[in-house]
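I'd like to ask some things about the structure below.
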Amino acid sequence: MDIGIIGLGRMGGNIARRLMEGGHKCVVLDRNPDAVKDVEKDGAAPARDSADMLAKLSSPRAVWLMLPAGEITEKVLAEVAGLMQPGDILIDGGNSYYKDDIRRARTLREKGIIYVDVGTSGGVWGLERGYCLMIGGEEKAVTHLDPIFACLAPGIGKIERTPGREKRDPRPEHGYVHCGPAGSGHFAKMIHNGIEYGLMQAYAEGFDILRNKSSDVLPADERFTLDLADLAEVWRRGSVISSWLLDLSAIALAKDADLKSFTGSVADSGEGRWTVEAAIEEAVPADVLSSALYTRFRSRRDHTFAEKLLSAMRYEFGGHVEQKK
Amino acid sequence: MDIGIIGLGRMGGNIARRLMEGGHKCVVLDRNPDAVKDVEKDGAAPARDSADMLAKLSSPRAVWLMLPAGEITEKVLAEVAGLMQPGDILIDGGNSYYKDDIRRARTLREKGIIYVDVGTSGGVWGLERGYCLMIGGEEKAVTHLDPIFACLAPGIGKIERTPGREKRDPRPEHGYVHCGPAGSGHFAKMIHNGIEYGLMQAYAEGFDILRNKSSDVLPADERFTLDLADLAEVWRRGSVISSWLLDLSAIALAKDADLKSFTGSVADSGEGRWTVEAAIEEAVPADVLSSALYTRFRSRRDHTFAEKLLSAMRYEFGGHVEQKK
Amino acid sequence: MDIGIIGLGRMGGNIARRLMEGGHKCVVLDRNPDAVKDVEKDGAAPARDSADMLAKLSSPRAVWLMLPAGEITEKVLAEVAGLMQPGDILIDGGNSYYKDDIRRARTLREKGIIYVDVGTSGGVWGLERGYCLMIGGEEKAVTHLDPIFACLAPGIGKIERTPGREKRDPRPEHGYVHCGPAGSGHFAKMIHNGIEYGLMQAYAEGFDILRNKSSDVLPADERFTLDLADLAEVWRRGSVISSWLLDLSAIALAKDADLKSFTGSVADSGEGRWTVEAAIEEAVPADVLSSALYTRFRSRRDHTFAEKLLSAMRYEFGGHVEQKK
Amino acid sequence: MDIGIIGLGRMGGNIARRLMEGGHKCVVLDRNPDAVKDVEKDGAAPARDSADMLAKLSSPRAVWLMLPAGEITEKVLAEVAGLMQPGDILIDGGNSYYKDDIRRARTLREKGIIYVDVGTSGGVWGLERGYCLMIGGEEKAVTHLDPIFACLAPGIGKIERTPGREKRDPRPEHGYVHCGPAGSGHFAKMIHNGIEYGLMQAYAEGFDILRNKSSDVLPADERFTLDLADLAEVWRRGSVISSWLLDLSAIALAKDADLKSFTGSVADSGEGRWTVEAAIEEAVPADVLSSALYTRFRSRRDHTFAEKLLSAMRYEFGGHVEQKK
């Protein structure tokens, strides 16, 4: 089938490529002409603008937005929706906040336009590995788009089958799932990312303790100098903690076990924050997911004001003058 | 080669079996005669006692203890060591505290006995999947035992190779690693388990938030009823959070997405606690690994005294009377 | 001066009483006639409804709402504001979300009505001890209301003066502070409550560890049976951790050191949650304030789904069957 | 009565002074002659060495060690004990680990020497305010030393009495308490310090959120510039979070609300760490006390290795290149 794709960044361009490799026709748009040219080389049809894109698609037209969450997505979404006909489908494949999806779906439904939100995981590896898709929206539209989703998803591959799934919806085994109404796709993706933060932090703390096992704050006969790259590698096989994030850690540590090229400042995006907010709204304890987020906040500051106040109190009650370790 | 194995529980019995399938000869001992008989059927030679075991092994004799960490391991270790000759090798494959390893190795070295500690991961799946082995001890003994380790470990298998490891020690790619001197094997295994706690807790919190998304504390139009088994399944393919623990979660949730057969009381073993203590000794922040441990502590109590004191303070300052939600 | 007070619950009734003791005239309204009668006995003038209240006040009229945050406050506020004249002052002394204050102040300003938010701390002790007031709103209105605030606040009392405040705004030493524009009063009160959660949790954990020092999980010669009431009492004098919350803990523990009358279910209100959300919006790490909140969430559940999933994973990888401690 | 004091640092010197003001006779020893001279001016009798000190005291001799916990305390303790007679009393008023107390008391008991551990809180303010004392050891010795403890403790002072204590041990109301056998005094002091860490961190996080409320990461109309010194001051009166630590924060913030003289590196001492270890031994959740400790660990590093690994994973899966905020 044919589909329009707006936003040809790291994710959008590869989504187009994977769809074209699967035999689909992509009409593409990006404000960066080089990004467009790159995908054009792989067979995509460039559009001059939204109207041109819609003109080049067969009805019902399906347009996939792959833009940074926030203002730009809102703006383009409004523009494209303004040009659509009843029955057309507008897909947000970015990382929008699921409450925005709920609002948008309601507004667009009044005009007969169907809104579908797709949480897309896979990063730069998605072109080759396939994308894990979490989809929210009306059944009819999701069914209509099934060839697109099936093509983007990884498929069953060589991964061992989970026993007991024989009579269940086969789509999750192929790497995509229809979660529920609009918003539920991005909600699931949001929690996915929240979990990701927690997993990353668990490995990070563990490797930090391994590394500091050679620290001279320890008694000499309790110190070890451990090979972190070897440990990451060995845990990939047969251990309880094998995972794709561990595979990636093994790659990074094999390149440089000191990770000297990284400053240690770590960005965070909306999903980690929204996950904590969702936990609070539901009154579900989320200690690990929150700590993982706070570590990133802390990593971006030289010192917090909190720490200075701790020192100030120590000075006031004990005359303690802090020293840099 | 031949090896003695003392302790034929869930792990020890399967270790013997995997070694025998690999062509090694196992002399086995357990105080439970049924456990011995089971392994005898698969070809093991039973020993009457430690002395009999040592008599049946060729020199240098290697004995692998696979017993619960603590008193019983200490006791059997002392007994076997008392019967050994210089050059013999005593292996602790259980979950001993690494500081005990350091002490034991020092003591046994005086008698010429070589002590090797092996952190063994793999659980009930190890027979089939192989065991991930983290080894501490003298190079010579570790080299001597290489056929044993190579047999128990999973081997390279179908797992994708990590780029950049070509010139490195090949053992980690086969699933076993020599970490360093005595104690370092169990230290690495301890951190492995600490990470495991953190990973498990990250998934657990995420799925809890997914499940409570249908809770009536939320506005009706923000509720979703999500299929947790399908989400666990879809994340196994192409997502950033795919892992073996997720595979297992998918199996458990496919059986029963409500997990009704579990009370929610969660045990913890020494490694999780020792990991936190190691972090503290090194002054490394370990928020996530600690929280994961505390969740288990909390899960085993109906209520904490801490919670009652919170209520008592609330009553005193605000006249608040708590109600069961 | 005279003032209208709507909402005569635990806080509102006592606020009226303290104002009347200070010589102010209170016109009061509550849907519960008994609450009205109680305050009438102490000299308050009852109002039939909002219109009647406004008719009984001198211009500019000042009305203090002391209602539960949320719908009811919004509703009454709209009703009263609809009857007010330019120059009148509407005060929300409850626990509203500060973003609601910002919105309300903007809306009311268009009609010439001045909105003032007052975060009020003091609980059931406020009548006697005075209320700590955190005020947001226009300088002019705050100055006009100064006699009200000065009367409600505790005053300098016997509390030791902070050196270096001689040239500063004297109001904070009297127990009230003008924080800034509308919303800032409730923002400060929100953080106050967030800190309160953290402080309470710190004491709660400490006393829990003291209490469990007699637990039989410890070696017999490391157990102590400590008198928690005596420890709370002794720390009130000369220790670094003396505080009002400790005073209250000492009272509660002196009554019953086992706190048997408390189930351990602990409620939480909006401020603790909003504090965490504010931290996230500002990217400030708030580990302790978040953990304190999560403990309360956890206290209200028999078991979390998270805990069941931990058990399920343990069962899948290790064949572990959990037992109730 | 008379008493020997060894160690005239920030705490020991003032303890001697407060005792002499109370009419007791102090024989003092310190390796720093200036410290000795300072206390001599206030009436203390200097000792040349331990033997000389013991010779100058009446039987049973009581010697109070006020030395840094660890090697130096162990060394001096062994030396003095070696010179003591049965019935003499050795007091450790420092911050020793309570398990060391248990061991020492057992050893000294064999020689008839009585060991008493005293957890001493009060910091540089103790001379004036009195010291809060948590005492462990045999009843007889504790009773014998009562005049010393009563003199050092703050006494009832102007602090409001706790209702319900009429029939209880009066000592806690005077600021000292006999907790139980040897070790229990330092155990109680250890938990006191653990709670202190948690309280400090709660204030620190709260003030950090207040301060960052003016941050430009927030929408302009949701920013406030709050006066932290005024807020600390106002909360001292009538609020739920008034405390001595808040008094000290108010002093520090009144001097400089930016706390520019503090780098933000925060030291930690044994008690905070041991508190977490005690919680783990007892299987009591201690999220807040642990987080408070980890914050200090983190404050002393420019970046953690954990953070670098987070960045490395992000780079591997998403091609993300981190930027300093």
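So that you can tell them apart, the chains are marked A, B, C and D in the order they are listed, and the count of residues begins at 1 in each.
In this text, contacts are C-beta pairs under 8 Å (C-beta built on N, C-alpha and C of every residue); 3 or more make two chains touch, one makes a residue touch a chain.
Which chain is which protein? Per UniProt: A, B, C, D = Decarboxylating 6-phosphogluconate dehydrogenase.
Quick caveat: nothing in here was measured; it's all calculated off a predicted structure.
Visitor: Looking at chain pairs B-C and A-B, which one is connected by more C-beta pairs in contact?
Guide: A-B
Visitor: Could you tell me which chain lies farthest from subunit A when each chain's centre is the average position of its Cα atoms?
Guide: D
Visitor: Need the CA-centroid distance for the pair subunit A / subunit B, whole Å please.
Guide: 31
Visitor: Taking each chain's centre as the mean of its CA atoms, how far is subunit B from subunit D in angstrom?
Guide: One centre to the other, that is 39 Å.
Visitor: Quick one: subunit B and subunit C, Cα centre-to-centre, how many Å?
Guide: 47
Visitor: Taking each residue of subunit D in turn, which ones touch at least two of the other chains?
Guide: Correct list: 123, 201, 203, 205, 208, 212, 240, 244-245, 251, 283-287, 291, 294-295, 298, 300, 304, 306, 317.
Visitor: In their shared complex, at which residues does subunit D touch subunit C?
Guide: Residues in contact with subunit C: 99, 102, 121-123, 126, 129-134, 153-160, 162-165, 168-169, 171-177, 179-181, 183-184, 187-188, 191-199, 201-203, 205-206, 208-210, 212-213, 215, 217-218, 221-222, 224-227, 229-231, 233-247, 250-251, 254-255, 275, 278-279, 281-289, 291-292, 294-295.
Visitor: Inside the complex, what are the residues of subunit C that reach subunit A?
Guide: It comes out as residues 240, 268, 273, 276-277, 280, 283-287, 290-291, 293-295, 297-298, 300, 304, 306, 317.
Visitor: Considering the complex alone, what residue numbers of subunit A touch subunit D?
Guide: It comes out as residues 10, 123-125, 200-201, 203-205, 207-208, 211-212, 244-245, 248-249, 251-253, 259, 262-267, 287, 291, 295-296, 298-320, 322-325.
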